[in-house]
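Just so it is clear, A, B, C, D and E label the chains in written order, and each chain counts residues from 1 on its own.
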Amino acid sequence: MSSRIRIGLIAAGALVLLALPFYVDRFWLQAGLFAMAASIGAIGLNLLTGATGQLSLGHAFFLAVGAYGYCALADIVPTALAAIGAVLVAGAAGGLLSPIAGRLSGAYLGIATLALIFIGQHVLFNASDLTGGYNGRDVPALNIFGLSFDDTETVVLAVPFESMEKLWYAGLLLLAACALFARGVLRGRPGRAMNAIRDHRVAAGVMGVPVARLRAWVFVLSSMYAGLAGVLLALIVQRTTPEYFGFALSLEYLAMIVIGGLGSVAGAVLGAVFVSLLPQLFDRYSESLPLVSASGTGGIAPGEASSYLYGAAVVAVVLFLPGGLVRLGSAATPRALTLRKKEPTDESAPA
Amino acid sequence: MPHAALQVGALTAGYGPVRALREVTLTVGDGAVVAVLGGNGAGKTTLLRAISRTLGFHGGAVAGGEISFGETRLDRLAAPEVVAAGVVQVPEGRRVFARMTVADNLRAGALGAPRGSRSVSLERVHDLFPVLLERAAQPAGLLSGGEQQMLALARGLMAQPKLLLLDEPTLGLAPLAAERIAERIREINRQGTSVLLVEQNAAIALRVASEAYVLETGRVALSGPAAELAASDEVRRRYLGVVDEDAAADAERIADAAPVLRRWQP
Amino acid sequence: MTTFFELLISGISLGAVYALIALGFVVIFRATEVVNFAHASLLFAGGYVTALLTDDIGFWAALIVGIAGAAVVGSLVEFLVIRRYRGRDHSVLAIVTIGVDIVLLTDLTRRIGTDVLPLGDPWGDKIVQIGPLAIPETRIAALLTAALVIAVFLLAFRYTSWGVAMRAAAEDREAAALMGVRLGRVSLSAWAVAGALAAIAALFLTVFPTPGLERNTSLVALKAFPAAIIGGLDSTTGALAGGLIVGVTEAMVTGYQDELSFLGRGLGEVAPYLVMLLILLARPAGLFGTRELTRV
Amino acid sequence: SSKAKDDDGDTGGGKGAGALKTGDGVTATTIPLGVLTDMTGVYATLGKSVTQAQQLYMKQLNDDGGICGRKVQLTIRDHGYDPRKAVSAYTELEPKVLGFPQFIGSPFVAAQKKRIDGTDKGLVIPQAWSANLLGSESIRQIGATYDYEMINAVDWLVKSKKVKSGDKIGHVYFEGDFGENALAGSKYAADEAGLEVVEQKIKPTDQDMTAQVTALKKAKVKAILISAGPAQSASLTGVAAAANLPVPVVGNNPTFAPQLLKTQAAPALLKNFYFLASTLPIGDKGSGPAELAKTYSAEYKGDLLDNGIIAGWAAADVFAKALEGACKDKNLTREGVRKALLSMKSYEEGFGITHDFSDPAAPSTKESYVLRPDDKAKGGMAVAEKAFTAPAVEGYTPEG
Amino acid sequence: MTEDAPEKTADAPGQTPSLEVRDLTVRFAGLTALDAVSFTVAPGSLHAVIGPNGAGKSTCFNVLSGVYRASAGHVHFGPDELTGLPPHRIAALGVARTFQNIALPPYATVADSLMLGRHRLTKAGFLAAGLRLPSAAREAERHRERVQEIAEFTGLERYLDHPAAALPYGLQKLVELGRALCMEPRLLLLDEPVAGMTSDERRRTAAVIAGVREGLGISVVLVEHDMGVVMRLADEVTVLDFGRRIASGPPAEVQRDPEVVRAYLGDTNNSEDAEEGVTS
């Protein structure tokens, strides 16, 4: 793909995204926003799991810290500050875990982080003064310089803008910023060091990479991404409930990065969009899909169908599309070819 | 027991678009020791992988030609079946099972061998490398590089092969140990095992082998009786380093000719 | 004091069940270095088959079919998925098993729907009374089974060719193939065995004092994760130790919930994870696990 | 086309005083309603029965000519007890339907409360009886809330099970709104009766109640309340019986399922277990339940009968009655439906209890039946004691 | 965020201090891999450590680079004590090494692998890289140029875009060497740098090593079994056997030491003899 076509495509895509709130209804905007929040969280997880090789099953916990942190901080400071504060708190929570995040890897780290989910939910249920307990909390609408992201209508070009329309732009902005930041990190010096840790821990140390410290920092960074995703989610749903931040959510994020492509930013976004839009599409169009029957008619329910599909997608992508959805686009680059495994073609250049 | 010869005919193989072997033809006669020499990337390892059917593990494949061992067409078998046919490879880079003990590594080596003979081969192997007996209970990953190389070789011998494929068996071995390996290869061979030997240490290889092939960028560049090759100028210069006396001067000359690395000024 | 012993006994007996589940993780981990997140659904499958048949062909026959069924499901997972993975990264494979788990669980919960399925075991709610302590027969059976199975595996891993082949294949597939190990067969057998183990665990997880198999049963299997980690993922003895630690912790914390209420109620489920974190801080590879070997 | 506002467009098609006022998706032929259910998540048991009963009800209603000459049309969304999906499904259906005769998951209803009360104002009947949903004109539960049920349960224990002042009773409850709302009731009633509650909080993954029983035994409780799932009540009752703690176990709402009578715990359940409910059991001889059981079984052959069917049916019926009322008032809009419901002061549809919907801050009834397992009855339940209201209820105000 | 800014380094080029190893002892369960070994590497010299397999050479490197901890003894690099420091701190002092068992990432290109060597010399942290500050871009540019220089010097420039792990063994060894050079070390530890190379390639690599010492004036510690290369390059040789130092001195002297001949070289010595073997 030549770079001019590429830039053209990107510009066109951006234009469509910017115009959407004028055309589609609340449901789709909300679905899109869920995908944006998921993308931000998935980028963070991909920095940790994909690029640094640190398996984490505790991502949902940091989403919860972000969501609840926002609610709690909004009690005492302006909401804009609360949002920033929540991200920092999530980062700090990640930092608290650094004795474990810095030392463990592989399955041990994965299951150690699983503990966070259970401990986190326990706290969410029991510290009711802060978290509202099982009832959860109402999420105060974000208010930046007098612009409130709530359901009061602001009419823009004759289109009434409610919370979703306004959040849409905030979400886009945040996602773009997060994606660019992560890309910079991955392509720069920290990214190389992170990959080195993933590929050969001892060698990385000998090259001067402070392994434990860097692992801990990546954990912090990834927690901050998760925290931001949590804040955005809370703003979309307008209510936080403890059940949501469970094991299944963490698994969903892992599925996203595997489906999209480990270690890449675009992959995380693709995976997040895939995983979060799929069930919505199924639900919405269950009536017109073969094999899937509408809820309440017996047969395979849409929820089940999307579960099947998303489980199968995880498997299929790893088996048949190593590198994830993101490889679909870049399959033709020479570098991808040398690593790909297939029969030698006859007319091939000498090594 | 009846032995068979290894025939490699017009073998072409590669990794994806990378062509590593082109029409290589080679024979290892019954009971012979054949050496394969060649520079980095010449395709020596690829040749052995093709014979032992493990190219697939590296994303490579055979594109043409045939390989047979006696009556058996090896190029139609899977790797474990090649072992069952009596062809065993000691891979490049040791590849010991790091977390298993030395003893278990040897047991793993014997998985492909007839059951009754294990204790005999174990004794032979311990005879050859006493250090392995000393370290029997230690995880193999903790052995020194050379000790791992010995273990890898010993593990290969445990399978009691009819044809042994050795990929740089003296890599990283101390001179004394390398000499001992060379002796041992001759001895194994005397006991009836044919050997296909890939070596960088051409001196040893040519001494042990009866015949030799030289690979260059995937093709057979030279072949013939080992002694003849050892006498050829080309081989002497490139693989035997007989100009060693001038090496220091040589080194300086190259250093002068090559781009010089200056200090980095931050 | 009686309460303490009652809780201890109840914890140990519960721990035996966790140990059986954890052993399933360990078998797969040792054979393939993969953390098998689909273990819970293997367990579910085994229990489901048993429960389905128990009325028609009797408990023991149903149990055997259930074990075989779970072994088949395990083998299928290996044959259709694990075997086809060409990469080397075990974390990716672990994530693949999550995908498998989602598919299997969705299907099984759909089938089980809203039922609670009893397995029809012969022990019923019978109790063995030792002094003031009452222990369900099912739990004694679980403890004995766990001890036996774990001993068998310990020996099998250490002394049989199967064990050697399995460990070799787990570490380096290519080198194992060069030893004549039939990778497919070895890995298939590991998954089949793990499936069978899961079915046995399912039995003890769903008999008295629990009413039967239902949609949440697979979630309970998650509790074996801390058990496997505490013991060390690659240690069979560790599975037993970890299972018992988790079981006893859970029972104690629940039993003394009133005294611990300042930490919030319902701590029983969380406590094993806290214990696990503490143990990991001191021993990053669990109590009996082998430390990561690095030699450069 | 852009979604720019073309002035007042489709709101209220009706004109003139005598004409029927319609809106919110109602057309000349159909009245669209939304169902937000859980058929694949933790409350799938409930969701399936409720939904099937409602579909059956609407089918019959439409066969009988519908309402206001229009057919009622249900659009069902299964959220699998996932908040994100629940919110999405509500967002999707809300603009298209008049109201929701079913919305499972009180946290999700609570999450939408702001929107429901603020802008949407469509009638929602949650299939959850947590008191924190009280107080809204648009969100109306049918039956007593969990706390009231537990007040009645404690009263009944004192009255009929020889529990007396100074005794301890245990309460095993789920983390979450169901368990904790129930706990609020039991603690209030225990206070009134001079009892002490020994709390045992559990999670859905706690299926072996041995440790809980041990703790309760240590505390020497005289009775145990349980607000959890069927598996837990079976385990609790079974273990208590086996451990020589032969006290009555009283549960409410989703604590019991007829399938339990096939498990090892059956004898203990038959002996010691009781159940509080705001309706007659589906297996009751009374005409309402019996007829419903018959039609339901005819439609869904092989499906088990449980009390979710009654809950679903009753909700559908209440909604339909409200629609009829709105039709009569010539105001088939969200507002009309709401008003019609507020005017229903003594509604009774053959399930034993009379409901009063005029006060949004109070549950529609404070009465409960005491039921007990019965392996001969359909649905596994029979009445142990007629509906009653504990005197203590009078002084109680839910925290909502 | 100020994550992993490089440690303060005391190195100024040209001031290579001497390396002093004093009574270094390393024990593993039931095994003494190094037993009170002492030697000194003079500034700017090339010091070879040889000995039979399992003598403790790599173990010594592992202690010098912080991968293993010494059970007893000290290592001083100029004013700094290396024993007890974690690997990255030692790297920050200007100590670089190669690995006997190649330790290259499976997918990264040669260029990226070399850039990793620049880690300690560069500063861009998460913020700078994430925000693409111009300073980070300038820094990357400058260091890429140096990487190019080093690649040309080692003869790797043709392979910069290749994935390092797919290169043949000998070239991978060169990449390891290049990566260590990219750290601009003051002390370079080479563990069997010419293993797996043909005679020809060995000569070239030896020339590179000689060139490094000439051009940069740094100290090199070399572990190698190829006596030809050792004799050619080393100023000083230390011989280990079973973890003990059995000899040390100039190469020619050591080569004649009967103890060394017995333990290590054997009576057939080196390539000349080998050739005799062939021709006889």
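The rule we apply is simple: a residue touches a chain if its C-beta (ideal position, glycine included) is under 8 Å from a C-beta of that chain, and two chains touch if they have at least 3 such contacts.
Not measured: the values here are computed from a predicted model.
Two chain pairs are in question, A-D and B-E; the one with more C-beta pairs in contact is B-E.
At the far end from chain A, in terms of centres built from Cα atoms, lies B. Note: centroid distance chain C to chain E, computed from Cα atoms, is 47 Å.
Distance between chain centres (mean CA atoms), chain C to chain D: 37 Å.
Chain centres here are Cα averages; for chain B and chain D they lie 76 Å apart.
Each chain gets a centre from the mean of its Cα atoms; for chain A and chain C, those two points are 31 Å apart.
Among the residues of chain A, those touching two or more other chains are numbered 125, 202-203, 206, 301, 304, 307, 338-339, 341. The multi-chain contact residues of chain B, meaning those touching 2 or more other chains, are 15, 18, 41, 142-143.
Along chain C, residues 106, 110, 222, 265-266, 269, 294-296 each make contact with two or more other chains.
By the touch rule above, chain D contacts chain C in their complex via residues 40, 42, 44-45, 48-49, 175, 198-212, 214-215, 217-219, 229-231, 234-235, 238-239, 241-244, 257, 259-260, 262-265, 267-268, 304.
Those residues of chain C whose C-beta lies close enough to touch chain A in the complex are 29, 35, 81, 84-87, 90-96, 98-104, 106-107, 110, 222, 225-226, 228-229, 233, 264-267, 269-270, 273-274, 276-277, 280-281, 284-286, 292, 294, 296. By the touch rule above, chain B contacts chain C in their complex via residues 52, 54, 57, 78-80, 83-84, 88-91, 95-100, 104, 107-109, 111-113, 139, 141-143, 155-156, 159. The part of chain B that touches chain E in the complex is made up of residues 15, 18, 37-42, 45, 92-94, 131, 138, 142-147, 149-150, 168, 171-179, 200, 202-204, 206-207, 226-227, 230-231, 237-242, 244, 247-248, 250-252, 254-255, 258-266. Those residues of chain E whose C-beta lies close enough to touch chain A in the complex are 1, 3-4, 6, 65-67, 86-88, 90-92, 96-97, 99, 103-109, 112, 115-117, 119-120, 122-126, 128-132, 136, 140, 161-163, 166, 179, 183.
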